[in-house]
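Residue numbering begins at 1 within each chain, and the chains themselves are lettered A, B, C and D in the order written.
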Amino acid sequence: MPRKSKVVTMDQAVAAIRSGDRIMVGSFGNSGYPESLVEAMTASGLKDLTIISNDLGSPGIGLGKFLTNGQVRALIGNYYNWNPEVAQAYNAGQIDVTLVPQGSFAEAIRAAGVGIAAFYTPTAAGTELGKGKETREFNGRSYVLEQAIHADVALVKASKADELGNLVYYKTARNFNPLMAMAATLTIAEVDEVVPVGRLDPECVVTPHLFVNMIINRGAQ
Amino acid sequence: MPRKSKVVTMDQAVAAIRSGDRIMVGSFGNSGYPESLVEAMTASGLKDLTIISNDLGSPGIGLGKFLTNGQVRALIGNYYNWNPEVAQAYNAGQIDVTLVPQGSFAEAIRAAGVGIAAFYTPTAAGTELGKGKETREFNGRSYVLEQAIHADVALVKASKADELGNLVYYKTARNFNPLMAMAATLTIAEVDEVVPVGRLDPECVVTPHLFVNMIINRGAQ
Amino acid sequence: MKEIIPAEQARTRIARRIAREFMERDETLIINLGVGIPTMVANYIQGDSIFIQAENGMMGVGPKADGDSADRRLINAGREPVTETPGCSYFDSAASFGMIRGGHVDATVIGAFEVDEAGSIANWIIPNGRQLGVGGAMDLVSGARQVIVAMRHNGRDGRPKLVRSCSLPVTGFHEADLVVTELGVFRFIDGVMTLTEIAPETDPARLADLTDAAFVTSTGIRTMDT
Amino acid sequence: MKEIIPAEQARTRIARRIAREFMERDETLIINLGVGIPTMVANYIQGDSIFIQAENGMMGVGPKADGDSADRRLINAGREPVTETPGCSYFDSAASFGMIRGGHVDATVIGAFEVDEAGSIANWIIPNGRQLGVGGAMDLVSGARQVIVAMRHNGRDGRPKLVRSCSLPVTGFHEADLVVTELGVFRFIDGVMTLTEIAPETDPARLADLTDAAFVTSTGIRTMDT
């Protein structure tokens, strides 16, 4: 069969997302998130979303748009102090918020991507964020059982894709993107540039193409 | 403080290893293993070693030298069919052998490197290699608890190091090397070439320098 | 026992049939090929939408390297020198098995000693004291989305390899989706081993005699390509 | 309450003292710096053997970027634009916290609301309904080999931050190794909070009055650099 291109229009990408979906979005403090995809989603009628991300940007900025725009049912992440609207909405009972320590959060997303159901980490043992989680001793130290975090859709931001969907990132804009690309049923990558197959160094590909289902090429817009 | 060089002589490297140590060695079927280090260790009087590696090369070749040379007390790995001396020594009661499925083996080494005590994998559930390991259901599927695999020393092979100890690899000679570099108390990297700091692309470094304690520079020999 | 089909012809037939299985799917596929007949499948794949993953850390494995171009640091999981394809990539063994365990590999083609009526597969060890290795077999059968077994219908001693219940140590339980031998194509449909294609050299009744496992013959059974 | 030492002088003193702690160790060090005073530690580090890790995925963080060179895609974990150093590298968040959790980061310098006599640290949340975030705090205190707390001796309301037992939600139990305030250096020696250096502006008795936690004064106590 001739290979089908993974490059899609923004409409095609957004049409693949449903209200109520669990959506991972790459980002760290407004760095390295798929800006066009987030923009298009906030212009869509999608609602009741569970957003799985490190933080939620700032009020009305970056991932913060989802909340300002009333599209959020729940958040799973680790740091919302940059966006006070999160605590407000949570206190008002408008959204659920699940905090997972940043390292456990990253590892749990990776676990989902690599087929590990759960893992024991020392982080949060005995603390409020360890409550309700199984605790177990290994070599005299307490560990908490953290379960994998899956999503229906991952929206990731990469610097470049080749035509197959191999991805490379840019500096600290890498953050959670390669992990989320592995952990969702559908992975949509927004990239600055699509280059011909063979242009990326095989030693330097960060996300091999098998993890990527759709590509939004910002360089073509 | 002025920075100390991590580049050492072979004598210095071998002097850091003790009889009885648990030693990880990167390799996959005689590809990507630290040849000079293995050579020097077989010329040393080191004995009672536990060798943790994917396979054990071939009889008298590659990692097989450790066994031919009588330096092995135990093996932890996953595929010894390429070296019939392993089954012979095991049947004769001369060595212990622990088989861990290759994917679980890789993940368990990574786990040691990243501070995860144990993880649940579906691999080997219900099989002979799952015996004696805790089994647990997640979402209706059986998973086996695999514990992290640590070592005293990791001997890894990289293509290039920079003077800080950042490592890059060569094609499928990468294999277990980056994982083992994280999982041992002491990591010794044998490289083909040491390049000046700044020469490696920061986006393409596979093993950041903090994991590397000593460098054997084959390019200087 | 007399061979119905000569060995090399049998191996080619099996490999080609599995290649067709992939090429009929109108989508990009990521596949992993074990040693032996499974590796031969690559010879019959055409087009540019099927990618071979090697569990020792490569996506996009190309044809075997011949003498001059062989690089012992560029090998597949069977230790054979291979080549690159455009768009290939390299990664460590944890990332590689992450792809497999995480369900990102569409199919694995493996050999087997036995496959039983429950779809359980024995392919990692014959406990004869000469083998000591599992490799990635258990990870592949439990992780790949589709598990395709490529094997001769009977062993060298003539014993059926499709059995009622595995007598050898099992690699994975209820994991087989498709078994292709030189005599037939067996699909596990709702957990039932179902003969969907049969070689022209035989018929369902004779095939049942050569088979230990009980199987159902599909009402839409077709003749297997030779 | 009257401040013994003006705020900016206090912050500088704390940061400089911690920098000295690192520079006195004759070895390569990998350190992670939290926001606030911890970030200032970098200003006082000299030489080329101390490397800063940022948990958002960078090894070898350089000085903050000024206006023109700022790149919003090159930031530290406090969202501040930073620069590269030669030999730096980038990686994903799982790899980054793998370094931290795996014990490969020699020290983390963090701020805190409270540190108690048991070395337990509260620094992630004040449950006032306005905060909802933990970030990497719990991973850092449980993973880094040495946990150094950089904080003012008393809060803005004058309340001691070295307490008998943490009243705020704890980030990690028994994790503090060293606490540096503008008034003293406290080391946990065999689990006992021990005053090893004291600011020239005070003395052990007066310091005890400003401190809720019971501490032992080292027989070899020295005067802290101002």
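Methods note: contacts are C-beta pairs under 8 Å (C-beta built on N, C-alpha and C of every residue); 3 or more make two chains touch, one makes a residue touch a chain.
Values in this document were obtained by computation on a predicted structure and should not be read as measured data.
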Smallest count of steps, each to a touching chain, taking chain A to chain B: 1
Chain pair showing more contacts of the two, B-D and A-D: A-D
Far-end chain from chain D, centres as C-alpha averages: C
Rounded Å distance, chain A centre to chain C centre (Cα mean): 35
Averaged-CA centre spacing for the pair chain C and chain B, given as whole angstrom: 30
For chain C, residues contacting two or more additional chains: 90-91, 94, 97-98, 100-101, 143
Multi-partner residues of chain A (at least 2 other chains): 107, 110, 114-116, 121-122, 169-171, 202-203, 206
Graph class of chain-chain contacts, one of line, ring, star, complete, other: other
All pairs of touching chains, each written as two labels joined by a dash: A-B, A-C, A-D, B-C, B-D
Residue ranges of chain C touching chain B (in the complex, touch as defined): 54-58, 71-77, 79, 90-94, 96-98, 100-101, 129-139, 142-143, 169-173
Chain A residues within the chain C interface of the complex: 1-4, 110, 112-116, 162-164, 166, 182, 197-198, 200, 202-203, 205, 208-211
Touching residues (chain side chain B, partner chain C) in the complex: 28-32, 54-55, 78-82, 84, 86-87, 90-91, 97, 99, 101-107, 109-110, 121-129, 169-179, 206
Parts of chain A lying in touch with chain B, wherever the complex brings them together: 107, 111, 114-122, 138-139, 141, 143, 147, 168-171, 201-204, 206
Residue ranges of chain C touching chain A (in the complex, touch as defined): 23, 25-28, 30, 47-49, 51, 53, 59-60, 84, 86-91, 94-95, 97-105, 143
